[in-house]
Structures are given as C-alpha cells and as structure tokens.
Amino acid sequence: MDFVTEKNMDHDLEVRIGSLVLRNPVLTASGTFGYAREFEQFVNLHRLGGVVVKGISLEPRPGNPPPRIVETSCGMLNAIGLENVGVERFIAEKMPYLNNLDVPVFVNILGDSVDEYQRLAARLAGIPGVSALEVNISCPNVKKGGAAFGSDPDMAAAVTRAVKQESDVPVIVKLSPNVTDVTVIARAVEAAGADGLSLINTLIGMAVDLRTRRPKLANVIGGLSGPAIKPVALRMVYQVARAVSVPVIGIGGIASAEDALEFILAGATAVQVGTANFVNPRASEEIVEGMAAYVHAQHLGSIRELIGALQISEGGS
Amino acid sequence: MDFVTEKNMDHDLEVRIGSLVLRNPVLTASGTFGYAREFEQFVNLHRLGGVVVKGISLEPRPGNPPPRIVETSCGMLNAIGLENVGVERFIAEKMPYLNNLDVPVFVNILGDSVDEYQRLAARLAGIPGVSALEVNISCPNVKKGGAAFGSDPDMAAAVTRAVKQESDVPVIVKLSPNVTDVTVIARAVEAAGADGLSLINTLIGMAVDLRTRRPKLANVIGGLSGPAIKPVALRMVYQVARAVSVPVIGIGGIASAEDALEFILAGATAVQVGTANFVNPRASEEIVEGMAAYVHAQHLGSIRELIGALQISEGGS
Amino acid sequence: MNQIQEKVQLIRSERLTADIFRLTLASQAIAASAAPGQFVMVRTGTAHDPLLRRPFSIYQTSSDGTFQIVFKVIGRGTTLLAHCREGEELSVLGPLGRGYRLEQKGQNILVGGGMGIAPMLFLAKRLLKKTALQEPPQVLLGARNKEELQPMLVDFQALGVRVLTATDDGSLGHHGLVTDRLRKLHPAPESMVYCCGPKPMMAAVAMICRERSLACQVSVETAMACGMGACLGCTIPLQDGSYGHACSDGPVFDAERILWTL
Amino acid sequence: MNQIQEKVQLIRSERLTADIFRLTLASQAIAASAAPGQFVMVRTGTAHDPLLRRPFSIYQTSSDGTFQIVFKVIGRGTTLLAHCREGEELSVLGPLGRGYRLEQKGQNILVGGGMGIAPMLFLAKRLLKKTALQEPPQVLLGARNKEELQPMLVDFQALGVRVLTATDDGSLGHHGLVTDRLRKLHPAPESMVYCCGPKPMMAAVAMICRERSLACQVSVETAMACGMGACLGCTIPLQDGSYGHACSDGPVFDAERILWTL
C-alpha cells in the first residue's frame, strides 16, 4: 500500500475520544493483546487506532491458580485474576516500548478501593506515552464487602471522580454487563466526568467438568467473552449510546470488520477487539483494513457518518 | 427397550418439585416446544419428565411483527412478543390433548400486572391436566413504567404471592438473568412462597444488519438463547441453588445429556431443554436416554445423588 | 403429516453455476411422502455454529428413494452445504409445511423467480401426472441472467411443459421481468397461478391475479428456527390483521390472504 | 523468535491407530525455523465453534518445507482435525514457545509417555546432528499398549537411536511404567533427561532425576488460548511461588522449577 492510499484510508477513519484523536476506531481490548509487543510480528501496530494494555494495579498481582481458561460454545471463560506486573514495573519495563510506538496507548487500571484507583491515576499522570486511562470497574470493592464497583452507580461515580481528579489524559470508564440497567451506571459515570465509556467487560459465567465433577476453572466462576456475547454487547452499546453524550467504545465478540461496523451503527465511536486476537493475531489490523474498504466501497465521506446511524422504524421492518 | 429396563430407568431418574413427582428431570422449555403436540412424531412425550407450554396470557396476543428471530454465534435471538392463544382457547383447545398425555404439564403464565397473573392462576386452578404453573416474570410491568417484574425483588414477590394464593398446584417462578444479583430475586420469590425456581430466561440482546443498517429484529431487541448462554446459566443456577432451599430448574443452552448433568451438578433438580428442540426435535428424549445411561454407567443409586454434587476445592484444583 | 428427522446420505453434489448447487439426498421416507411446495430443514454444520437448520424447497423426488434440493450460496450455512462431499451424511427434517393445492379445472400457470424456481419443478411434474388436466402446465421462469436460469430450465424442458423465460439482462428469453410475460397471458377464468420468488415479484403476481380474478397461491420465505410450528418465529402478516406461520400454515398461502408490505 | 500465522496445505493425513493421526503440513517458514519442543496452534474449524486454536508439538520437520504433528483424538477440535482431508488448508500459528535446551556434555536421555512421545522424535534427530555428542541419545518410550506405541516407535528406530519401551499392558517392551526403565539406567552425572508425558509421569521422572542429581527438562501441558503470551491463561505453578506461562516461558521448563501438584 503506498503512502497516499494509506493516508487517505487513515483520514476516512479518524474518530475522537475526548481530546484524543484516533487514526481509526479499532483498539485492542485489555487483557487480550498483552503489552502490544507480543503482537509485533503479526500486526503493524502503528496501523491500529490504539492499544489498550492489560489491567495494571498498584502492586504486582500473581493472578489465580490454574486452570484459568476454558473454551465454551463460541466463547471462552477466563479467570486470569488480574495478573499483572504492577504499575512501577509497567512504567519501567513496558512503557518505553509502548512510548516508542506511533500509536495511542490506553492504560487499563484496577484497584480494590477508590484510593487505589486514585493513586494509580496520579502515578500514571505525566508518564510519556500514556494517551488515556481506561478504568476497569468490574473488580470487587474490598472495602465494601466485595460488590463490584461497576454494579453500583455511586461507587462507579466515586471511582470516576477520583481518577479524573488526578489524570492529565482522557478517562474512559469500562462498564460491566452484569447489571440490571447499564444505562444507570453509564449516566452516573458520565456525570462524574468520564470522557468516554467502554463496554462490555465479560459476562460472569461458569463451566462444569462432568468427568471430575468439579468446576473447570479453579476460581469456579470466570468472565465470558467472544462471539457468544456479541448480541448482549451490541444491545448494551445501543442503550448506552442513546443514554449518554460522551463517546462509547464498543467491545464484545468483535471478530470481523462487519462486527465492528455493526457496533458503530449501534452508536459506538470506536471498538475494541478482544478474544479474536487469540484466534487470529492479525484480527485487529484486518478489521482496520475491512473498515477502510467498507468506507471506500460505500462512498462514505468518513466512518463518522456511520456512528449511531442505525435506522429504527416504528412497528417493524 | 423392554418394559423392565424402561421402568428401572425411570426409577433411577425420579425427582421432586414441590409436591410433584417427575419421572425424570428433563422438561421442555416454554416457547420452544409449542403445545407438545408439534413434537409427537419425534418424541415419546410420555418419556419426558414434563412439558412446559408456551407462555399463556389472559387475552390472546398476536405477538410482534416479523422478523422475529435471528441466528447469532451459537445462539439465536427471538422477539416473538409472547404470541399466544389466550387462556380460554388454551384451556378449550390445547388442554384436552395435554391432559390425555401421561406427562406432567407446566403452564407458563405471563401478565402485565399483578392482577393479571392472579386472574390467570385462578382461571387455571382445577383444570384437569395442569400439573404446575411456571410464572414468567421477565415481562414488563405496564403499571410500573415497563420495568420487568423479574428485576425488582418486591414486584417479583408480589406476583409470586398473588399466584400462590390462587393456585392449587406447585408454583415455579422463572427468573430473568438480566439482573445484577439473581440471588436477591431468588430469595424474595422463595420467601413469597414459590415451590421452585426455574432459570434462566433469555439474555437481552440485539443484532444489526449492516446491509440495511437496521436492527435484524423488528422489535430491535430480543432474547438470546442457545449454547452461547450456557456458561451464564450454569453460573446463575449454581448461585441460586446455594441461596435457596426450594428446587431449582436449570435452563440455558442445554443440548446434550452432558449439558443437563452439568446443571444438575451445579445444583439443579431438573432441567429444561429449549432452543435445542429446534435443532434436534428429539433432543429432550435423547437427553433422558443419555442421563439414564450415565446413571447406569456410573453405578449411581439415583440421579438425585448428583444434585449439587459439584466439588469445590479451596484454592484451585 | 408424516415428518421425520434422519441422517441421509448425500448421493450427489452438482455445482450448477458459480454459486448454485443441486444435492441429491437418499431418503425413502421423504421421497415417498413429500408434496410440491413442501420443504426440508437441513443441518449445515456439526458444531453449534451455525446453530439452526436451513430450509430448502424440495426440487424433485425420485422413485429410487432420493430427493433433490437446489440452493444458492448466501451465507455461512449454504457455504458449508456447498462444501459437503458425496458420501457424507446430512441431518434432514421433513417433509415440512403445507405445499401447493393442486387444481384440476382451468389452466395451471407456474411462475418462478430466482431460487423460487426450485419448488416449481416438483409441482410441474405432479400436475403433469394428473390425467384429468385439460392442458399441460404453463411455466414462466425468471432470473437475473442466462447462467442462473439455464441449469434449472433444462429440467423443465425435459418434462415437455411449455416454458417462457425472462432475464433481467436479456441474456435468455424476454429482456425484463417474468411478470411482463404473465401479463401477456390470457388464461381462462378458472385457472390457477402458482408462484414462488422474491417478495416484490410475488406481490406483483398477486396483484395481476387479483386484477384478472385469477386464483393464486404463493410460497413465502421467512426466517425459520424450527420449521414445525414450535418457535412462532416465521410470522407472515395476513390481510385480516392476524399473523400466519410460514412453516406450518404455509409456506404456501392463497395470495389474497397475504398482507403485502414491501 | 520468528512466529508466523499462515494457511498451510495438508499434504498428508495418516491414521496411525484408531484415534492417533499424523498430519504432514506444508510450511517453509515453520519447517525452517522450528526447534524441538516448540509447538504450533492449529485452527480446527472454520466457524466460531470450536473457537480457539489447539496446540500440538512439532513431531518433525523436513528440508522439503513440510512439518508433521501427531495427535490423539480427544474432543471436538481433534475430531475435526482427524476429518480434514489432504489438499485442504489449515490455519497454523507457529513455531511457538521455548523448546528444549540441547546439551553437549553427558548422555542425553529422552523420556516420552503417551502423546508426550510427539516432541521427542524431533529432539532425537537434532541431538543426533550434534557431532560433538559422545554417544547417541537414549530414548525411553511408554504407552498404554503396543498399538499406541508402535507407529511412533518405528520412526525412532529408523533413526538408529537406542530405544527402550514400556507398555501398561506389557504388549510391547517392559510390562509397566517407562519410569521403571529410567530407574534402571545409570547415566553419567552430567547427563540431561528430556521428558514429555502425562503429569504424574513427568513428576516421577523429575523426582528420579533430583535423587540422582541429573538435569531434567520437561514439557508441560496446560489449557491455552493464544499460545503467544497474551492471554496469561496457561499458568503453571513454580517452586518459587510464582507462576510461569507454558506458552512463552515454556512449554519446556527445567524440572526443578516446577511445583508438582497432583
């Protein structure tokens, strides 16, 4: 592909998340793309809209005992247990490589208390190469008996405010789908200052081994991801995009450019590719290519024309 | 299969739901087995543990405009819109056939208000052949702004009490998975007198047609069922079975005897086969056969030994 | 109704065009009991994706205990089906639905468009067998171009029925719509028009028949999950404000019952 | 590391026993760069079910640009793979992981059990190529019975290495465990034991080696989603209380690093 074509392509696909300009709407989902370097042999990383790194906590975490993953019908369960190197080693060992890449880096952060989230945001402020924070609020709040931050609008808002206060980059809050009404959390988080929302995180699921009569995951329950959850993700993105005015990043079972475009029609400004990276390490870049081809073939001025362009007719189609 | 074998088989598989004795734990899920007659050419109906019929309302309902169904990865979305013939025609036209079958019939009921549920239960009381009621509380409460009965513990309990008051057969309440904590609803419904709980109903999802840029369902959103949702269903059955002491009926993506046995290990006393009936109309009977074969091969005295027998080890397997 | 589900052997797979295939399947039961306009539901994969069966009209049956379907590759299910090899087994459910009501009185006019041609061959054969018929059926077939029309056309020609054709690009027969050809016919008042094709074509045929007071039966296509009246997914809006179910009330309906929404 | 993902042609599919298959796949890149103990991740279906790739050790590579895997049919993925036909294309990712560290000093003892025999052939061939080796590798192979052992055994015998065998039922070689045979060997202190097999076997081999102060490398098996260090799913508990990742830190580890939990 020559320079002119590539430039045109990038231009057609540009989107904004808060003050951040992405050359295209395709990001990689946290926990499914390592720290990007793992994929350098498969993907031209600078062709991506951005990279979201594995969730980082203040202290290193060893994660859960094995087995941590199990395949399910059109999906997989994971109970990685948020294994990560901790924010200090992340800054020292992972950020230099990421900072050298010509691609926005979203740092996914997680904590067990509002204070932990706040300290993470403070520590990451001013670090070169950090383009945005993505706040994972699906973790249990240890101070409040373990209910997830993501299922209580007040707790979700408190985390958002604390992170916003310290951060010098756009703050995206990543919503959990394991709630009765995702728009309630979405509105609370928007009101607390989030620059964007990403959804969905995994659905809570479980798998049983009939042979051993034990759960297939050592942690008993895990997070369901992959094509199986796409219909739930699309529905929630659609609902949230209509409920808030900040940009929404769609996640859940995206494996092709068509999948990604469906989320954009439903109201997403950008998307994240997760489990598909495991099946096809080139998935994210191929989705960028497919999206560019679609914009071209449909004679769209820009991908932005498609955001939320889903037509809803009254009383049937 | 000769008489003795069949009798033995049935004995090994017997379970109880309230005062009701089922010859085996395999029921068919509401809305996926018509009024049973549709399957008489494929299934020896009297070999099933029971049949749950399509949801019945006080008045006939035409249902939603088409398209009403769409396939998704390892699943399907439906927005049938609770099309049904209404309770009067159900009693007049469908019950005589069902009453003649040697199989327990669970009548699935739905309404837009507590009063409607109550009147349905009253109307069905004393009708020959009605073995149990299954109360579908996933419908929107029209009197309370459309929030589903199934997502509010007080509303769910109110419906349960109203139905219990009128009913002369066991009352099963069918729980929605689209809630933050399913055990809260489960406990409320148990306290209100439910004789059993069945779960899960469908997850709310959506599909988008990129070509037409419209939702694939005329109703925009629909219910996700099939193997895709099995991990979510297993997890919720596991959680609810530990939270209540009434029997739990597991539903969601069951397509084989192994699937069914996994739900029983997770705590289900019985299971329902739904979407699988569409793919293989013999699925329900084959699951009974597979379950009998398993009980035999594992030298179990009874299937009841497996209910909730999942072994959970601390700190990994 | 005598419906069965069985594993049937794929005896022959023929690629008629780039994306149209004809499969010959061995099933004594289906071959013996199927009627024109009925369909089968075929599993296209072995795993859970794609999950649901796919509906196909019965193209013809044979006394040797086989039947055929003809299909176009559309998406994942039909792609898998096109890759099935001779000798493999396919899970088939059928025969399903209510087929065409065969008329004896006036002329029989069969109008097929695109893959809607598929059920017409079986129908033409059955009508030819009716000795009471005054004249052989008149068949009108339309398709996008010669390539798509030719492979099925030859099967009709072999029957000895009269066939009139139309293609969108004029590469075979009339350059235009098959409905143009229908308009030029002047059948006796008691004639019956049997139709299957894209919705706009069927709506147009239904309108022509209403204008001329001709009886008309159409075979509708909807999304289907079960094919046997259990899921209530295959709704088709009717003139009286109610819904019909394509798999069990149809797929063949009297055209005047249908509410044509385009 | 030079990892690639490509569609490779299935050149040959051989059924070695009722449920063990050997596939020969065409990939210049993988054949050229793979090392013993490394593996490939293979897509076994085309739809989303089964979703994930399946890991298989590289059995051997050839200078003609092909490599082989040998696998046993376990579940859905391997069933699909067994049904693949020659000429079809498979999506393969590899070579992945850290293979065996080849030693020059003492004797090289290769211990393979069950499908853990698979990586041993490639290893034996590479060790044979090392001209500095004082003596050819000693191979110990164990399996359930003769039927399972024979097909891979002949490939080792063709190499000219010394092979000792054991079967659970005594149908070939020693009647008992391959570890019995290992216990009877008295290798020089600087020898290296290379092992792959079921977890209990590897734990036993590791223990024997520790008792005799022999160096030992084992190739572990865990569930894997990505095979390239991205998902963190393939955890293996280590002696120091931390976790290793089988796909990127392994699958080959020094046996003494592993925390053996059974």
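Going in written order, the chains are labelled A, B, C and D, and every chain counts its residues from 1.
The rule we apply is simple: a contact is a pair of C-beta atoms (placed from the backbone, for glycine too) under 8 Å apart; a residue touches a chain by one contact, two chains touch by 3 or more.
Worth saying up front: this structure is predicted, and the values here are computed from it rather than measured.
Participant: So which chains are sitting against chain A and chain D at once?
Facilitator: B, C
Participant: Of all chains present, which has the mean Cα position farthest from that of chain D?
Facilitator: C
Participant: So the centre of each chain is just the mean of its C-alpha atoms; given that, what is the distance between chain A and chain C in Å?
Facilitator: From the centre of chain A to the centre of chain C is 47 Å.
Participant: Just give me the whole-number Å value for how far the CA centre of chain A lies from that of chain B.
Facilitator: The mean C-alpha positions of chain A and chain B differ by 34 Å.
Participant: Per the centroid of Cα atoms for each chain, what is the distance between chain C and chain D, given in Å?
Facilitator: Measuring from centre to centre gives 54 Å for this pair.
Participant: At least two partner chains per residue is the criterion; list those residues in chain D.
Facilitator: Correct list: 48-50.
Participant: Going by the touch rule set out above, which residues of chain B reach two or more other chains?
Facilitator: Only 64-67, 73-75, 226-228 qualify.
Participant: Building nodes from the protein chains and edges from chain pairs that touch, which of line, ring, star, complete or other describes the result?
Facilitator: Shape = complete; every chain linked to every other.
Participant: Taking the touch rule as given, give the residues of chain B at its contact with chain C in the complex, in rising order.
Facilitator: Those in contact with chain C are residues 31-34, 38-39, 41-42, 54, 62-71, 73-76, 78, 80, 83, 226-228, 255, 275, 277-282.
Participant: Inside the complex, what are the residues of chain A that reach chain B?
Facilitator: Listed in rising order, the residues of chain A that touch chain B are 64-67, 72-75, 77, 151, 178-181, 203-208, 210, 212-215, 218, 220-221, 224, 226-232, 234-235, 238, 253, 258, 261-262, 265-266, 309-313, 315-317.
Participant: Touching chain A in the complex: which residues of chain C?
Facilitator: Against chain A, chain C makes touches at 48-49.
Participant: Considering only the defined contacts, which chain C positions touch chain B in the complex?
Facilitator: 1-5, 43, 48-53, 91, 93, 222-226, 228-237, 241-243
Participant: Which residues of chain C touch chain D once you look at their complex with the stated criterion?
Facilitator: It comes out as residues 45, 47-50, 76, 80.
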